[in-house]
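For reference, the structure I am asking about is given below.
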Amino acid sequence: MDLHSLAERMSGRAARYDAAGAFPEEDFDDLREAGLLGLMAPPHLGGAGASFAEYTDVAMRLGSGAGATALIFNMHASVTGALASTPDELVRQFGGTESFFTFRDRVLKAAAEGALYAVAMSEPGIGSRLSQVRTSYERTGSGFRIDGAKTFVSGAGHADAYLVAARDRHSDEPRISYFLVPAGPGVEVRPVWDSLGMRATASHDLHLGVEVGEDALVGGIEGAALVLAQVMPQWLVASYAAVYVGVAQAVLRHGAEHLRERGLHALPMVRARLGRADVQVAAAELVVRKAAALVTDDPGSPETNRWVWRAKLIAGDTAAQVAFSVLEAAGASATRRGHPLERLYRDARCGALQPATSDVCADWLGASALGENPDEARW
Amino acid sequence: MDLHSLAERMSGRAARYDAAGAFPEEDFDDLREAGLLGLMAPPHLGGAGASFAEYTDVAMRLGSGAGATALIFNMHASVTGALASTPDELVRQFGGTESFFTFRDRVLKAAAEGALYAVAMSEPGIGSRLSQVRTSYERTGSGFRIDGAKTFVSGAGHADAYLVAARDRHSDEPRISYFLVPAGPGVEVRPVWDSLGMRATASHDLHLGVEVGEDALVGGIEGAALVLAQVMPQWLVASYAAVYVGVAQAVLRHGAEHLRERGLHALPMVRARLGRADVQVAAAELVVRKAAALVTDDPGSPETNRWVWRAKLIAGDTAAQVAFSVLEAAGASATRRGHPLERLYRDARCGALQPATSDVCADWLGASALGENPDEARW
Amino acid sequence: MDLHSLAERMSGRAARYDAAGAFPEEDFDDLREAGLLGLMAPPHLGGAGASFAEYTDVAMRLGSGAGATALIFNMHASVTGALASTPDELVRQFGGTESFFTFRDRVLKAAAEGALYAVAMSEPGIGSRLSQVRTSYERTGSGFRIDGAKTFVSGAGHADAYLVAARDRHSDEPRISYFLVPAGPGVEVRPVWDSLGMRATASHDLHLGVEVGEDALVGGIEGAALVLAQVMPQWLVASYAAVYVGVAQAVLRHGAEHLRERGLHALPMVRARLGRADVQVAAAELVVRKAAALVTDDPGSPETNRWVWRAKLIAGDTAAQVAFSVLEAAGASATRRGHPLERLYRDARCGALQPATSDVCADWLGASALGENPDEARW
Amino acid sequence: MDLHSLAERMSGRAARYDAAGAFPEEDFDDLREAGLLGLMAPPHLGGAGASFAEYTDVAMRLGSGAGATALIFNMHASVTGALASTPDELVRQFGGTESFFTFRDRVLKAAAEGALYAVAMSEPGIGSRLSQVRTSYERTGSGFRIDGAKTFVSGAGHADAYLVAARDRHSDEPRISYFLVPAGPGVEVRPVWDSLGMRATASHDLHLGVEVGEDALVGGIEGAALVLAQVMPQWLVASYAAVYVGVAQAVLRHGAEHLRERGLHALPMVRARLGRADVQVAAAELVVRKAAALVTDDPGSPETNRWVWRAKLIAGDTAAQVAFSVLEAAGASATRRGHPLERLYRDARCGALQPATSDVCADWLGASALGENPDEARW
């Protein structure tokens, strides 16, 4: 099934999953069948070996079909994509050995075979500031013991494993490591997710009290989390961006359709609202694609990172603003539940609030434009 | 019970009625008990004899407690308030006789005793353009036969009678009359209301196929609907305005509370968002109160009407904008269903979309500022 | 001459003074002749004894005629108004004696007879943060020696005396006092003012190296400057506000005139822009008048001060925004120098930049809404 | 001299030419010397044979140095670029013969040798609606007689020839033709240009009462003006866009420099303003470059034209908005005449007002998004 058809099928189901606040099972059946869970895995492990730019294209199309589904997919792509693209030199520079490569291949191969990964990073009260993580771990004889609680874990209850950030509870300075914790006993999903928008992401809480083996430590390297955030901000900052551009495109598409059906297309204010929304969305798409191309061609450079932050800011703001304006053009009849614009209005508001929030992005970009080091004390 | 306590009780129930999309029974029990259904009825009929300015104050306070309840109340106040304030000269000028005054007293006395009225004006595809009404009536031996369908009838299923706009089906030119149709057989509520915001207004569809007596014709006068819209635009254009200022005030109150609880009050962008929201809401309140004072003191003058349209525009836009910005300041934790800001974000978007929409108000005010007749071809 | 005629005459001269960047001599001849320099002086000293609310009305009307003239007038009114309204208890609380009252009467009587006062507060690099003032003074045998440099002194070269803030150069902690320094030797005007907007205010630099008598110390009290800023913020924060509302009103008036002349009044976008500008200006006027009424009736209360900051914020922002939008509606033909909208576009941008700037006001209001002490560390 | 150095030199002179409202002679000496007047002429005629995309890059860089100079250059590039890129088939389709190619080569060769062309299209009261042109022509024995008046002729008095749109005064239906009228007797420049911004463009009025030879008729084809506007909208709609992106970039550059110098870079609101401006400008640049690439690769297609209108809208709006916000961040000290931000604030406001205005672009794009023919009745 091509991406266009897949997005259309997802679009047709979105109202139902939104109403129920349920994980979009059928969408993931389709994604799995289309081989998209292996999108970021290299061909020799059975994947498609996609670049960040290719991922961005996929995420945008999926987002224009069903934003929530695309967000869950984005988390899976973040885990697999970050693993697949971590430069070997960086691994070795941080003391990584062959065990890293074994780990990576195992995880990516499983993804290509249909495994779904989720990210468990946020915690209550700290947002996604990695350095403040309270979930902790300690070594046991056979591996690690991890205890803590996570929020906003998209796909919770449906993932095969969770990427968990935790701090070494015996270290004085912040030493944050990543673990890939398999679903199962000790990993308890609390179904609290019941949200304004993006309701079908199943972003529930996760309570952890679990022992894992040595091979759950990502790459066999402790303390690498903070540095990864700085060298590959695209996965923490801007991978959502493509999804929200997709959401904004859906606003335009459903808005135009509604306005034609209602015979409102000749009203000057309606045309002006749609015309201004059109250029905003077109611009946001270009910024996100530019960022994606740079991440692909020149990952980690200051210029690339600037575009990554720009992408996150413009995608979140644009989606929210065009949904706000186009719903106003569409009028009260489009606020009925089940109408795509009603859902999109709620979904679209969420992007600017996801980390890095728009206000944080603006600060980062302002600091950068003023010649300061914008990453200082950021994570 | 004073208004402040009443609004607090309503606020405490709002999340529940919003979730269920149910008519707020308990709120109306309280309103009835507090004598507020007779707010607009004159004292000699058992009411409080409130002016438009006094109504505005009540509606604002109720709106800051529970917007949906305040909107239903507003419809009831529109019916009773318009009747109570129709100038006697105007009645006689349009051929009204003693029957008008009998009708009026009967209706207002019932309100003071607890009767609830609703408004059935909008129809699918015509919005609230009175001159386009398709619901029709004809004389029968004993009164009138009314047939048609109405949408957005707030309080449907819970009102004792409905104010229905209908056209004379045997007249060549548009002859629109008002009827007060009692609930009962022939007045069928279709429970379709399931909306983005203001979910507890029970604004269902109404299907009419009913015979009513002579005394259901409002004031015994046919064809008065259009002229009333022009001489008393406050009830069609700006009575909602106070409700949405109340909603905007609730956004500030709940926003400040959330931000303090989360310890976000020291963040400069949070303070800036709240500070700008504060002045917007303060300004909107002044405009709505100014309009209300002029309606009370100098009803129907060009200057008064200008303020009426300003009130509608600024109230709807302000509520939507501050909800948008304050939710962004509050962050993802405030988007959980049940959080007041989550509900307010949806409720607040509805004001600018209710007739007269913000875009229509802006056009009216622009035409007026340019020295044209803004009412031309408006209804 | 009534205020309306006076404002019209000023409006007719504004383009000329703007082009030349020259002090509006004729405007001040008219203001003097109309007795308006004594507006704030009490009747027993020959003045009009105006309240802050009455001042606000005058400033708004003058501002709608010629913004620059109204700004100079505002500085004069600040000096005379603050003196006239300083509560006697406050004077005594800070050790003031009869000398204060003698000083006050002398200054106000002179104003009523036509003396013009200016304010010399800002300094390069410190904006108007009083506590950072570098201009210093020391006692001499016969009075005080004052040295330093001031910027943005509206009316410089045309005032009879300057209200100068200076610090005691022998005090370890910041001890800021006010002096009323007569024009003359040692008070040198450097004609550097050549600005984007408000070009006719003659807001030149002032270089001070001057000895003044004992009676130049305002009220005979040292160290009172900071506390005055907090108890009477209206004169430091919001007295400009009325002027910028006047400027915004002029934008509407000249905009509507231009659009009618050009036959653009039927264009929907033009009407929408003007309609939205109309309600913004109406709202700003109400906020400024509300603040003025509270300053008059309940000076210094927390509620009053909140409205004072709101007034400054909304007036500056509204003027700039409506000038921006209405000029766009008017089109390229209105950008020709000499066209009132061209000047107003430049004048209107200045309000939000004058202290307290809009960003500072938003922070103050946000802190206040969050329950903090917004004055902490503000001056 | 490379483009970067050239733009820097222009930037250094911009304040002076702005103050005088004078044609930037030295800038054009440099442009001529650098061979840039032949930018659009093909190599075999001595030019650089630049594509629209290459032109866009040059215009953006020049615009970031001196907006007014870049605008004059843009008009010259429009004349030479449109000629160079008119498809031969189109010429023949409209009855063009060898005389067209002779004309074209003569004009482009002269440009490569340093001739400067200007555009005389707008007329008082009709803006740039070609179909409303009142300047008229008639055949004489030896060529044509042209009479009329033009406004906003950038470069007037300094161009070697003017591209004039005129109507056949003996034709009943609108038959608009282009002439290239040499400077000289009968072509009178009235130096009325004295504008808010872009003051150095010398966009004076032109009064025409002149006889020209046969070879002045562009391409030897009558009546081709309207169709050209539709097939090559880039030259009428979006060639300015690159200039205003350059202006917006200059706002960022000078803004950051000013804020660092003043030590304001640590203020959160300053950083937020600059960060948001940064992403707006980055997005506008991408849209303009995308439009330029499409014009180069796929001229005249519906998709290309959509990007052309988007480019004009976003460039004009972005320049105005970032200048508005960054000046507010920079504060009163940046409003002194001679400060680059003061000039840029005025220059930047002009883009959205130049045809096609932003409101017209929004309408075009809205109509297009709604599936209508946006060109209908547009010119």
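Each chain gets a letter, A, B, C and D, in the order it is written, and its residues are counted from 1.
Assume a contact is a pair of C-beta atoms (placed from the backbone, for glycine too) under 8 Å apart; a residue touches a chain by one contact, two chains touch by 3 or more.
Not measured: the values here are computed from a predicted model.
Asker: If every chain is reduced to the average of its C-alpha atoms, which one ends up farthest from chain C?
Answerer: Measuring from the centre of chain C, the most distant chain centre belongs to A.
Asker: Would you mind telling me which chain pair, A-C or A-D, is linked by more contacting C-beta pairs?
Answerer: Between the chain pairs A-C and A-D, A-D carries more contacts.
Asker: Go ahead and note the Å separation of the Cα centroids belonging to chain A and chain D.
Answerer: 42
Asker: Quick check: how many Å separate the C-alpha centres of chain C and chain D?
Answerer: Each chain reduced to its C-alpha mean, chain C and chain D end up 42 Å apart.
Asker: When the C-alpha atoms of chain A and chain C are each averaged to a single point, how far apart are the two points in Å?
Answerer: Spacing between the chain centres: roughly 51 Å.
Asker: Give me the residue numbers in chain A that touch at least two other chains, ranges are fine.
Answerer: Residues 268-269, 272, 359, 362-363 of chain A touch two or more partner chains.
Asker: Where on chain D does chain B make contact in their complex?
Answerer: 268-269, 272
Asker: State the interface residues of chain A toward chain B in the complex, per the touch definition above.
Answerer: Interface residues on chain A, with respect to chain B: 124-125, 127, 152, 192, 194-197, 262, 269, 320, 324, 327-329, 331-333, 335-338, 342, 345-346, 349-350, 352-354, 357-359, 362-363.
Asker: Which stretch or stretches of chain D touch chain A in the complex?
Answerer: 252, 256, 259-260, 265, 268, 270-279, 282-284, 286-287, 290, 307, 310, 313-314, 359, 361-372
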